[in-house]
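Two complexes follow with chain A in common, the first pairing it with chain B and the second with chain C.
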Partner chain A sequence: MSLDIDSHIRHSSRHIGRSVPRREDRGPLTGKGRYVADIRLPGMLEVVFVRSVEAHARIVSIDTAEAEALDGVVAVYTGADLAEVETFPDYIPYIGPVTQRPLAEGRVRYVGAAYAAVVAVDRYIAEDAATLIAAGTVYEPLPTVADLDQALAPDAPKLFDDWDSNCSFDVAPHKPEVDEAFEHADHTFTETYVSQRQTGLPMETRGVVAEVAADGTLTVWSSTQSPHMVRTTVALMLGMPEPQVRVIHPTVGGGFGTKTHTYPEDIVVPWIARRLGTPARWIEDRMENLVASVHAREQRHTVEVAYDDDGTVRGVRCASTLDMGSGEIFMPGTAPVFVTNACITGGYDFPNMEARTTGVVTNKTPAGAYRGFGIPEGALVMERIIDRVARLTGTDRVALRRRMLLRPEQMPYVMHGGGRLDSGSHAESFERALELTAPALQRARSRYADDPDVRVGVGYCNYVEPTSPSYHLTTGHWGGGDAATVRVDPDGSVRVAAGVSELGQGNVTAAAQLAADMLGVSPDDVTVVLGDTERAPYGLGSWGSRGAMMLTGSVLLATERLVDKARKIAAHMLEAAEADVVLTDGAFHVAGSSQPSVGWAEVGTAAWVRTVDLPEGMEAGLETSGFYHPDNLEHQLDDTGKINAAASWSNGTHIGVVSVRVSTGELRIEDYIIVHDCGTVINPALVEGQVHGGVAQGIAGAMYEHFQYDPDTANPRFASFMDYLVPTCAEVPHMEVDHFESPAPEQPLGVKGCGEGGTVGPPAVVAGAVSDALSEWDVDLTECPVTPVAVRAAIRAAAGSGAGAGS
Partner chain B sequence: MKPAPFDYCRPSTVAQALEALGSSESSRVLAGGQSLIPAMNFRLTDVSVLVDINRVEGLDTVACDPGGVTVGAAATQTRVLDDDDTASVVGGLRVALRHVGHLQIRNRGTVCGSLAHADPAAELPALAVAAGAMIDVSGPAGERQVAAGDFFLGPFWTALDDGELITRVRFPAPPAGSVTIVDEVSRRAGDFAVAGLVAIVEADGGAVRSARLVGFGLGGAPTRLRTAEAAISGWAADHPSDGLTEAVMADTADAFDDIHATAWYRREAVAALTVRAARRASATRKAA
Partner chain C sequence: MTIEAVSEVEVQLTINGRNHRHRVPSRLLLSDYIRDTVGLTGTHLGCEHGYCGACTVIVDGDAVRSCLMLAVQADGAEVRTVEDLAPTGPDSLSPMQQAFHDNHALQCGFCTAGFLMTLESVDPDRWREPERMRELLSGNLCRCTGYQNIVAAVSEAWSEYDGNGGSNDG
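This part shows the complex of A and B:
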């Protein structure tokens, strides 16, 4: 595929690279978005799931009689009723086997696991019935494991009786050259770094509506990021031919990874609709959402670092352990910790690294995908290591980063984890961000010059962002490509349908821009269809910073084929040689003279309607498809645990200026600077939106959001947004964003993804900035979130209790 | 997140409201509903009769006179926050209300509802204790008046008996020339406090003469910091902080942990806020 962008652009005023206004906003902003919860079907019944209140227990009995007798209750189902439904597939061979039934049977392994479903005429009655079923459930509690230490203890209670331990996987390649680096280094240190449990938290929770037509075909509306994958799995588990299942995602209010999974509700609600012959719906409420949608990010990293007196990092050993929760989720939430280890070196180059990758089950909500997918956890570790080495050796933090950063002439560069950085602006981004930081730091220092209680610090993060990854590593089943179909109708209008989804990113706008330039028409002439398995071709949806790349690749393949055919038709109509005919601004003409010409309407009309005008022997129709599958993707780890699992790699630098109030530990991000590089930019406004939103979620992880569990019972210590603190507009600081464009040399138009990078920097930046601000106490934070309590605890630990208070 | 079935009634007199409240043991008063309705939706609170007092005659008033401000049980926080007369008589109400929730919450939430709810981390109960507010209560046995200092018994626990209703609260005007400071550490803007302080400070010639100090967000009822009140007198802007810090630590020994903060953090933070308030109050008077 060509990086020669101009050869594919057939519009004289190019749309790619311009902030074409978003098409997606009118509905949501005017209250006319059509979310799953807005879908009303005649006779539709309400489904409510009854969820475990025990973290680990055998279910002895479930008394549903009282609930079934309630006026307005239509049916109550437990696991045994769904015997005919297949078990969730278990495609990944190297992880501990998990038998996940659509409703938990006999045993529950986390608070929130659905074990019964109520169908009623409305949600109120359904919840009344669910309360009665909960009261009628007899549990035999089992001992719980609430964290990694408990789960890995030699005598730990096991979640799965047929496993040897609670360890699901443990990949530990040994590299002798790393041992050698440690032997020759001047010094070593060991530290443990921790990222806390969070979730992607879309504003719209999940929801499923299902309806069966008279002919037996099933339509499922699901708030998912991946409608085709849901279709494949629903059809498989319900034993239906795939063409008889249609999955639609209407307006989706965000996914952030949580909606990449196919959940029990995606199976049970359609099953109920088929069983009862009545439309059924379930809308996740926020209480459910906090325990029944996947969690993420809970990782512990035990690190050994070998370094020399001059600050040179000679080698790193990192053992990364993921808390998988109960592991009962499809697809399994195992991949992020592999991504952590693959990306942990960020934009830095040092000679030796050995990474161990471990997954452990606990009695908590299953872990899964969340925007960032392991990258922020690794970035926290790497930046804290560099700051520690700088401090221990008396090296300047910025100078040490400069020494370690990748330079353009090192591209392509293969990282220790096997990722192949095709291009990037690692060192340049850092320099640019430093320039932008200088005035911000000056501002903050003068703001607090007269306040002896406040310290100001700076934190840095230089990261890489794998984009358009293999989904085989994650699912053990799917690959990593997507399809698009492009059609020109008789009136010359263009229709683009693609397997990528739209969840707020702006993929509809981007698809219209791409097709418009490639076909020489206005974006207004392009209708875009996404998120409907019946109307759009197979694709894996939107996640993994893949939307822009998949759209570019698949739309480009389809439009090139379309233009080839249209040029033949036009040449015939112009009575010219095909090779002489070019397409500019929607008109086919002979190169060098704009007249005579034929437009898309004439070509479209010939193709579909006046087929008598077609060249002899040409098949009618003007619709082409392309399935883009990046050919540089690797899908399996090699013997040393290496893989290049991404089609391309974006990069960026985040720098934050943070003030800390010593007496109370309160912190405030004064300024946040981002220099970002995602290759060729299709729409700068969309990229900026992704960066802003990502950074906001990164700040959530750096300072606020934290799922805490009771260590004795593994019960959640959260039930609402009173306990799970989401930053609001008051907490998210002003951001200054600048861009580099290092086109992906092997990707269509040089486009890279940009969906996740924003989340990566803040944990490392905030921990680094606060440690810098409190350097007089030698504070060196190793965990997120960084809260006022954590700040005070660090000061006390470093200086003895009471120090600093009120000073 | 849908409530269990309940009866709803909307009386127009206090007598009718009391009758409805007395009709069931699990009756509850609905004023702004900002805490009650979520608790019902979570099915954490069992409510058989919900008595909506928003149309009860005479309860929506906010009355000011030079001696203080009287706020009726149905008066919203926004109404009090926006009232300039109130702010000129009891400035602490505006200062405290700025910390309460967000605009949408204050538009519904009531001052008296916050007192009745008695969240340990709420600002208004602490202000009421610091200001020496008097709470009017009506019940089956008639009317009574309870001093705010006697009203708050523990977390979500007040001196209100079954079937009783707060009808109004009176905040007396603070001593002339005093400063009312409401300061807190909260995790996010508008959140309940992790640690908070209401200080009504009288200062003279750059030194603190006397102060009423109430800590909140400590886990229990608003806490009078009596040792600190003694320690703060005579304080000037450049005074060393140790004695006052120790006094606050002594006053807050009952603080407890939750997911947002540890007990020791809360105590340290209230101490830091107290030192900050003392410095501010003494500095304010110096400048004046």
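This part shows the complex of A and C:
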């Protein structure tokens, strides 16, 4: 597949494909970054939310008198005060209806649900007041459900009285071809795989600052991934015209999906600022962040597998169940489990998958988005199935994967759920990763050759990463495109504004690289505006590995239109035919002629200032926009229930070499190898950074992070970094990264996206490698995280069943 | 339940070589004093539990988690923050800041000041060896980089520091 990328490049020393240094760095490096918590406005008041300490209860009464009497407390609000505020929208018809008020009213369904807000002159006083309100709250506790089994029990207490059960949705397609596969298979087995509850945990917590101007316009600074979506929702819920609401995300300290949602605080803080006519600010603390920002990944997969003696996996039935927490979050956190099922077959040619998708509410923090968005959970299931079949049939694990992997000649390939892989290097990535693994495995084996207590194993994962997905399936409302506006000013400088946002990925730098190449200027001459609804056009922000693709698509559309107009102006100035005028390195000139050229400053000046120099009849100005919607991105299921819900599909292979100390269960990733393919690379350093960070988060999920609740009370066991184990520099291993570039044939520059793939492999890789290392005990891990305790338990269980000599 | 009145105390200290004198609540954290009272917001708060290291500053030569120290405890101290690292000049960066930039060792940048202040407080010769370096850096959490490029940046900055071209674990 060849793309006409070069026709869009008008710079002789092309910037796309080079590790152009980031312009985002200087602020944080020098202490001049401006995060939401750094914003100070005259007269600004501090907001603190009072949150439920009960997992499920009726709120009988809230005594706010003592808090209100405290010096420095300006106001206390409870749900009843916000009666005029609209309820959060409920756009998805097929899930259980949830009425989410900005502050919980009458009933709370998880520890951390905000039911009151205190406004005070400083945060210390606001927290004093919040403590008094918490102490003055009378609850009538209700029975809780802390996990899927409790929630699905026939006599389970219900979270929502008007539902039939705690089941929010249950989509169970039937595939006759899978029945047939089971009828003809030599053997079957059943198993249950479990991914544990985690959270995205950006280093910067959430925060909201709001200010109302004298003319009534509202400005909201929110640490969000999606400022336009916050604006639309704030305007809707506060009953304001959208142009009177401006949402800005200042410097954002990471999001990882958690900041894609529009939270109650995004509504309540602006409401307070309007009510009091005073700027108001709320900064989430880490304890709040751990219970009031969305969780993710808690899924259970019950599978039936049909296979043959020769290792052929004939068919799989997978029932995937998501623990949604209380479900009280906008947008709802229902989509990841659908993504799990859509992507579960990874880089393998495996059509005979029948996947049931169920969501269940429990008395826990609402589940939502976290980088990876369901993909890692499915990869764990598929890779464990392959390893099990290999072991049961005596087939080599690598050979079996080779047999199953997709080959280039199969592209485009339609996956079992309708995902259309337009291109990719699925088999080649695996081969390349195997080459890189061989010396690593050798190193590890020789390192422990003299230590009889240590076993070494290898784990594999071949995944696909859907990028720039439909947001219609996730939100029931928004679509999947983004806009960009490009302007050339009289001095020839370029301004690019786009709906994609920046929270660490380097999208400002990438946008400058793109515009520089497309307009033939230096990136230094490009000013980039992201994350401000007043200055940048509508876009859905950054999530779903969409930044690179949306930026290229939208900036390209806008710059091509801009160049078309500029060429007309230049031709007029050069007294040449438009068709003869070319743009190279910022100068318009007649092709093949030694005639002087005109540059962007002359064209920009003619367009805006010396309009007398414009061709007759031409409208002045040099600013164009483009709204990019990927052609092949679908938002509705077809008649057969299939959908290609992602604009493109990146792919990759992860292989890990892991050592396990048998006596203690201690495990260590000796080497971690990543070969990935995200199509055309705009900036290799940025891509590699995304891979590193994603893998580190994947390892966190594979080995450490596990948000646990007390089964009897549904109270969280964790509320700090002391117990929710975020890996440090000492835990995250060195990673070896290699790339393929299979350009996306349906994207103008072949860009796919790379934000999430790193998270996908580690759970499958670590579970696979540890099981391999402990194969003499027949250990076959089915859950994450793989901790020393879990390893020892697996060895003991295997030893107890007589499978080997566990110590 | 009652909330007792909070006493006020006078605090006098230097931050980045400049004298500051304020009357503050005795319970005011040093981190909030630096950020809110003085207005130096380059020091970030990631957890306020003393764990993540984002709020690390240097107090009388030692790296300190400013969220675990009261402002009054810093009375008379010399405090340094991230704003003090770059030499004066519009584009200048310290060697370590430059190495972070060159090695793509920050993404969202929220944790960066803490890393830089931890590194500023130590003698490179004691922490140069790769395992030791990772141990040193393990006191600061980063959620974006997977630490690999941070290790690369520190290795580069410290190899230039002694001119030996030391090892690069990146």
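A few notes on this one:
Everything that follows uses one rule, which is that the second predicted complex is superposed on the first by the 791 of 807 C-alpha atoms of A that agree within 3 Å, B and C clash if a C-alpha of one lies under 4 Å from a C-alpha of the other, contacts with A are read in each partner's own complex, and residues count from 1 in each chain.
Keep this in mind: a residue touches a chain if its C-beta (ideal position, glycine included) is under 8 Å from a C-beta of that chain, and two chains touch if they have at least 3 such contacts.
The structure presented is a predicted model; accordingly, all values stated were derived computationally and were not measured.
Judged by the touch definition given at the top, the superposed model places A:A335 against neither chain B nor chain C.
Legend: residue contacts after superposition of the two complexes on their common chain; A:F718 is shown touching chain B, with no touch to chain C.
Contacts of A:V252 after superposition on the shared chain: chain C is touched, whereas chain B is not. In the superposed pair of complexes, A:A685 makes contact with chain C only, with no contact to chain B. In the superposed model, A:G693 makes contact with chain C only, not with chain B. Judged by the touch definition given at the top, the superposed model places A:D285 against both chain B and chain C. Put chain B and chain C next to each other and count what each touches on chain A; the higher total goes to C.
Once the two complexes are overlaid on the shared chain, A:V732 sits against chain C while remaining clear of chain B. In the superposed pair of complexes, A:T664 makes contact with chain B only, with no contact to chain C.
Of the two partner chains placed by superposition, only chain C is touched by A:Q505; chain B is not.
Looking at chain A, you'll find residues 123-124, 128, 131, 285-286, 720, 722, 728, 730-731 touch chain B in one structure and chain C in the other. Here chain A touches chain C in the complex through residues 19, 21-22, 24-35, 37-38, 40, 66, 70, 123-124, 128, 131-132, 135-136, 201-205, 251-254, 256, 285-286, 503-506, 685-686, 688-689, 692-697, 720-722, 726, 728-732, 734-735, 758, going by the rule given at the top.
The part of chain A that touches chain B in the complex is made up of residues 123-124, 127-128, 131, 285-287, 663-666, 704, 706, 708, 717-720, 722-723, 725, 727-728, 730-731, 787-789, 792-793, 802, 805-807.
The part of chain C that touches chain A in the complex is made up of residues 1, 3, 6, 25, 27-28, 32, 35-36, 39-49, 51-52, 54, 81-83, 85-86, 93, 97, 100-102, 104, 106-113, 116, 134-135, 137-151, 169.
Across the interface of their complex, chain A is touched by residues 1-5, 38, 42-43, 185, 187-192, 194-195, 241, 244-245, 259-262, 265, 268-269, 271-273, 275-276 of chain B.
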